[in-house]
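Heads up, there are several structures right after this.
In the two complexes below, chain A is the common chain; its partner is chain B in one and chain C in the other.
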Partner chain A sequence: MEEDKFALVEKIIKDVHNVLSKIADLYAFDVVPMDINFQNKSPVLHLENCLGLESWCVKHVYMYCYSELMDKYSPKFKRKSKKISNIDSDRLIRLLNVTILLNPEINSLWNKRRDLVLGLLLDKTVELHFIRLVLSRKPKCNEAFVYRRWLLETIFQEENYERNSIEHLINDELIICDLASDKSPNNYHSWNHRIWLLNKVKTISTYYDPNALYIKEYNSSEKWTSKHVSDFSCFHYHQYCIKNLYNLCNDSWKSLEKTLNINFRKNLVRVLASNFPKDVTIQASEENLLGYSEENLMNLLLSYSNKICNCIVNYVPMCKKIEILFHALVLNNELICFYKYHETLWYHRRFILHEIISIMYEHFGLVRYNGALVKKNCKICNFDDMRQKQAKIGRYDTNHIYSSVLFNVILSHEKQIIEERQKDGDPNADRHEKYLKFVEGFNNVM
Partner chain B sequence: MVRVYALAVLYKGVNSATVLKAAYDLQSFSFFQRSSVQEFMTFISKTVVERTQPASRQSVKEGEYMLQVYVRADNLAGVLISDQEYPNRVAHTLITKFLDEFAAKVPPNNWPTANETTIDFPVLPQYLAKYQNPKEADALTKIQNDLDETKIILHDTIKAVLERGEKLDDLVEKSDSLTMHSKAFYKTARKTNSCCNF
Partner chain C sequence: MTYSGRNKFEIARFSSDDENHINKKLPKELLLRILSYLDVVSLCRCAQVSKLWNILALDGSNWQRIDLFDFQRDVEGPVIENISHRCGGFLRQLSLRGCESIADGSIKTLAQSCPNIEDLNLNKCKKLTDVSCQALGRKCSKLQKINLDSCPSITDISLKALSDGCPLLTHVNVSWCQSITENGVEALARGCPKLRSFICRGCKNVNDKAVSCLATYCPDLEVLNVQGCDSLTDESVSRLGGALRRLCVSGCARLSDAALGALAARCPDLVTLELAQCAQLTDAGFQALARSCRMLERMDLEECVLITDATLVHLAMGCPRLEKLTLSHCELITDYGIKQLSLSPCAAEHLSVLGLDNCPLVTDGALEHLISCHNLQLIELYDCQMVTRNAIRKLRSHLPRVRVHAYFAPATPPAAARPRPRYCRCCNII
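== the complex of A and B ==
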């Protein structure tokens, strides 16, 4: 009886191995629920490029493979005789494939694969395909993602890498991340992998211009977030993408506007015009504002700078930042009104406001320290303002912030949405008000 | 995630409900699960329609899924299965819309005897694709917003819809419309849902 079972397991291992030999075509693996083997057929299914294993055999196969791996290939006993022969390695790979597909959360097994890759006994491209299969069943498997990053690192280090194969690799990674994120909501690991990838691209940017990728990723993450309104992992990635746009050059900026098919300046001006404080002496209409240069617009919004240093302020990137953030704010308004009561959307709103506010502090040469605003020393020109009394200057500066046009626009905008959502009974609106008052420190102006 | 998995038109007969037309989008499920998931969605739709009074609307939450049902006074019923993020209001307006169209296309005296193959109503798959984005549907919901007075009854689990003494496990076990495979699938799903899931 026992022998029969072993023979069966051996056959299953062989069948799985045969299917895996066409790994480039396979795109999914799954365990198919089946209580008993009533048809006396092989439990290995291969249909439409998917590999399946019937659930009744999983326990036997897993126990058999796992114990053989641990008994014969564990480093515990033969730390010295390390060399794996070819015949051995073939057997080892077969066992590893089955065991990892069934239970990918064992790092020792992935380490075995690392050894094999280093010994050139496993092919890196095939490995990438294999991880894809693993992720198709367990899209949140951290070990698989870690191994994937390790593989990619070694691939990127190979010197004779051509431009278009890198592009190909990057695209494949993005597709894998899409699949994993789609399969399982709040997939921290897949979004984290994506951030790692983009950071990696930055370091190898001699072959590759990352700006185009940033724009593409911003666009796709914007679409993704508007369809996954309670997935904060993808919102976090979206925030990363927003930050990537801050330093785009003029040409890239134009292609960004073209890809998204929007005019950032128009959007910003619309929000500004509808929220201008009533008592401002400069009454500007939407058409007037469109004619302003970046510098004039920023001067109107922030009117006054008390940076006492000699650095020249470049208004163009600052204006772009504000345009992006206002665009994000408007999108967030729409989502909050459409998909009601979603905490994640409000958290994203906090991020946007926090960014806008830090731009203002930066402009006024201030920094929030232990909850209080203090003067920041300019690191570039090392201007020494330590002689001046900090407390006095602090109060003086906050008045300037709170009377600036930008601040008043934001405040009136926030009050409006808080009021509107409170009427609808959204508890997040109250929380948002508290956040602005006590975390961002607006309690004496709100 | 905002996603619609299924749209279905059913007829609520005296003892049981029959499916008149249905469309499914099961891309997000793994290949080997799809047939079971589809069978199961049909089964649940029927079960819920049978337990809904005529001229009423219900929203049933079960795990991460949401089932919206509307049974009209003339016993024609519509079901929409989505995930939890899909706005209820949009879902119910969509159901009203396709039921109206269905009633206009297929004469009522055919309803009790017809089945999926005899009915010609090809627009469901199109709607299913189009309204994956609820904003598309929003234009139409704004008009209907104040037209419809029927209150939506909200249930937090499928248990609340079942009659007293009924259990879903027993219904699944007794059902003839589910294959062995789907029943095994249901049991496994039960087990995995009960343990921790991060």
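== the complex of A and C ==
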């Protein structure tokens, strides 16, 4: 009986191997629930490039493969770890394929694969494809993503790659992340993998201009977030994309506006005009504000800087940052009104406001340290130590912030939305108010 | 002894001050004789016992048969060079199966210092090229068996060199050496008339001419394996001679009933016949075969899709010694054929392995007939979808030793049925 069971399992392993090696573009694997098999039929199913295994055999196959792997191929029991030769590598690969497909959350098995790759017994591109198959069943498998990153690192280290193949690789990764995120909501691992990929692209950018990618990713993540309003993993990625846009050059900026089909400046100006404080001497209309240059606009919004150093401030990137963040803020408004009571949206709002406020602090040469505002030393000018004694901040300095136009615009804007949402009974609105008061320190102005 | 002059002196020196009991009681010749029964690993261990034993264990006369396959680590070139120096003319048999790091240089040294080698296994020594075989052909004229399975760089030049220098060759295996062609095989056949076994699985370029040469020049040929040489036709297979015992032509899809007819007429002593994927064969061919080849013991008919129950009827009548029969993917086979087989003289005594996987027409009835095959040890039933679990259970109850391979989950032991108590005993007491 035992022998028959082993023969059955061996046959199933062979069947799986046949499917894996014959059909090159398998894209999905899953276990088909079937408690008892009434027919003498193979439990290995494949249909239209999908591979399935009936659940009744999973227990036997997994136990058999796992114990053989651990008994025969684990270095634990050997005094000297035996080098894997070609003869048993084939057997090892078969066992690993089946075991990992069934349970990909064992790092020892992935390490075995790493050994095989280093011994040139497994092909890297084939491996990338295999991981895809694993992720099709368990899209949240961290081990698979880690192994994937390891493989990509080794591929990128090989000097002889070409521009085309890199673009191809990057596109493949993005597609796989999309699939994994699609399959399972709040997939931290897939979004994290995407961030890793973009960071990696930065380091090899001698061959590749990352700006186009940033714009593409911003656009897609914006769309994704507006469809998945409770997926904070995705919002986190979106925030990463927003930060990537801060340093775009002029040409890329234009292509960004073109792809999104928006005029950022118009957007910003509309928010400003509708929330302008009443007591400001110059009353500006939308048309009026549109004519301003970046420098004039920033001067109007922040009016005065009491930085201690003499660095020349470049207003263009600062203006761009604020434009992006206001665009995000407007978008967030719409989502909050449309999808009510979604906590994630409010968290994203906190991020936006925090970014805007930190831009203001930077402009005024301040930094929030241990909850209190202190003056920041400019690292570029490295002003003398004399001034450091005056690092304590007076009420005078904070007044500059609180009286600036930008601050007042934000404040009235936030008050408006909090009031509106509170009427709707959204508990997140109260929390948001508390956040602004006690975390961002607005308690004496709100 | 290899280095007799020096060794005699050393043995005398070490044995005189050796206080060990075993060395005192046993003469050196006897120790040497005992050591000669050990394998390589044990010999190496013995060599670490004492200086005297080191000399005795490493003496060339102990190292006539060496198999390095189970060695713990990758065997490198210098190992082979040391072995060949140590063994010299003593070495008769060497297996380097799977020693992938071995290169031509090592084999050259081997050929130089061990001219008496008779059996050399170089399976999967992938780095080897024709240079190795040329060296062997020059020096080792006593070579009888050579295995070059999966050495992809071996070409016709190797076979030419071996046929020139080793006329005593009886066993040659060049499977998966894809560059081998008719020219190499022809040279081998002409140069080595004593050839008894020739195996060239997966050599696509081996064709009718090559097999015809083997048939003409090697009258003693007993074993021929040309699996996957898909250009072979009836013409050459029909020429094979009467000494043939085992023939494998699996994957030679062009063969037809004419080949079976010729085999039946010329090779009455066939014992093993593998015909997998020969899809043109029909009942008529097997009828002729079964009439004259009465010694057949093993047959592989996988994917001979045209054969029907008639073939089984002929085999059942004509081949009383049939032990192993594979009928995988023979989709026309029905219960009737199995019934005829089970009524035959071979069934009761010999038939031990029966492959019926992927025969969709086989039902529970077939298993009931097979109950009379007392010697049955293994039956394959994968994907026979009309066979049920109950029929298998019944077969097992009649033939308790039989192994049944089918896609049925093994029965769970009854102990697992009892649910585990949810709380431990102490919780219950409290």
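Convention: the second predicted complex is superposed on the first by the 432 of 446 C-alpha atoms of A that agree within 3 Å, B and C clash if a C-alpha of one lies under 4 Å from a C-alpha of the other, contacts with A are read in each partner's own complex, and residues count from 1 in each chain.
In the analysis below, a residue touches a chain if its C-beta (ideal position, glycine included) is under 8 Å from a C-beta of that chain, and two chains touch if they have at least 3 such contacts.
Predicted model only: the values in this text are computed from it and were never measured.
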| item | value |
| --- | --- |
| First, second, both or neither for A:55, with chain B first and chain C second | first |
| Partner chain in contact with A:68 - chain B first, chain C second, else both or neither | neither |
| First (chain B), second (chain C), both or neither touched by A:227 | first |
| First (chain B), second (chain C), both or neither touched by A:40 | second |
| First (chain B), second (chain C), both or neither touched by A:420 | neither |
| Partner chain(s) touched by A:8 [first = chain B, second = chain C, both, neither] | second |
| Which superposed partner A:185 touches (first chain B, second chain C, both, neither) | first |
| Intersection of the chain A residues that touch chain B with those that touch chain C | none |
| Chain A - residues contacting chain B, complex | 28, 30, 32-35, 45, 47-48, 50, 52, 55, 136-137, 140, 182-183, 185, 227-231, 338-340, 342 |
| Residue ranges of chain A in contact with chain C within the complex | 1, 3-5, 7-8, 11, 36-43, 56-57, 60, 80, 82-83, 85-87 |
| Of all residues in chain C, those that touch chain A in their complex | 72-74, 98, 100, 124, 126, 381-389, 403-411 |
| Residue ranges of chain B touching chain A (in the complex, touch as defined) | 1-2, 28, 30-33, 64, 85, 87, 133-135, 138, 181, 184-185, 187-188, 198 |
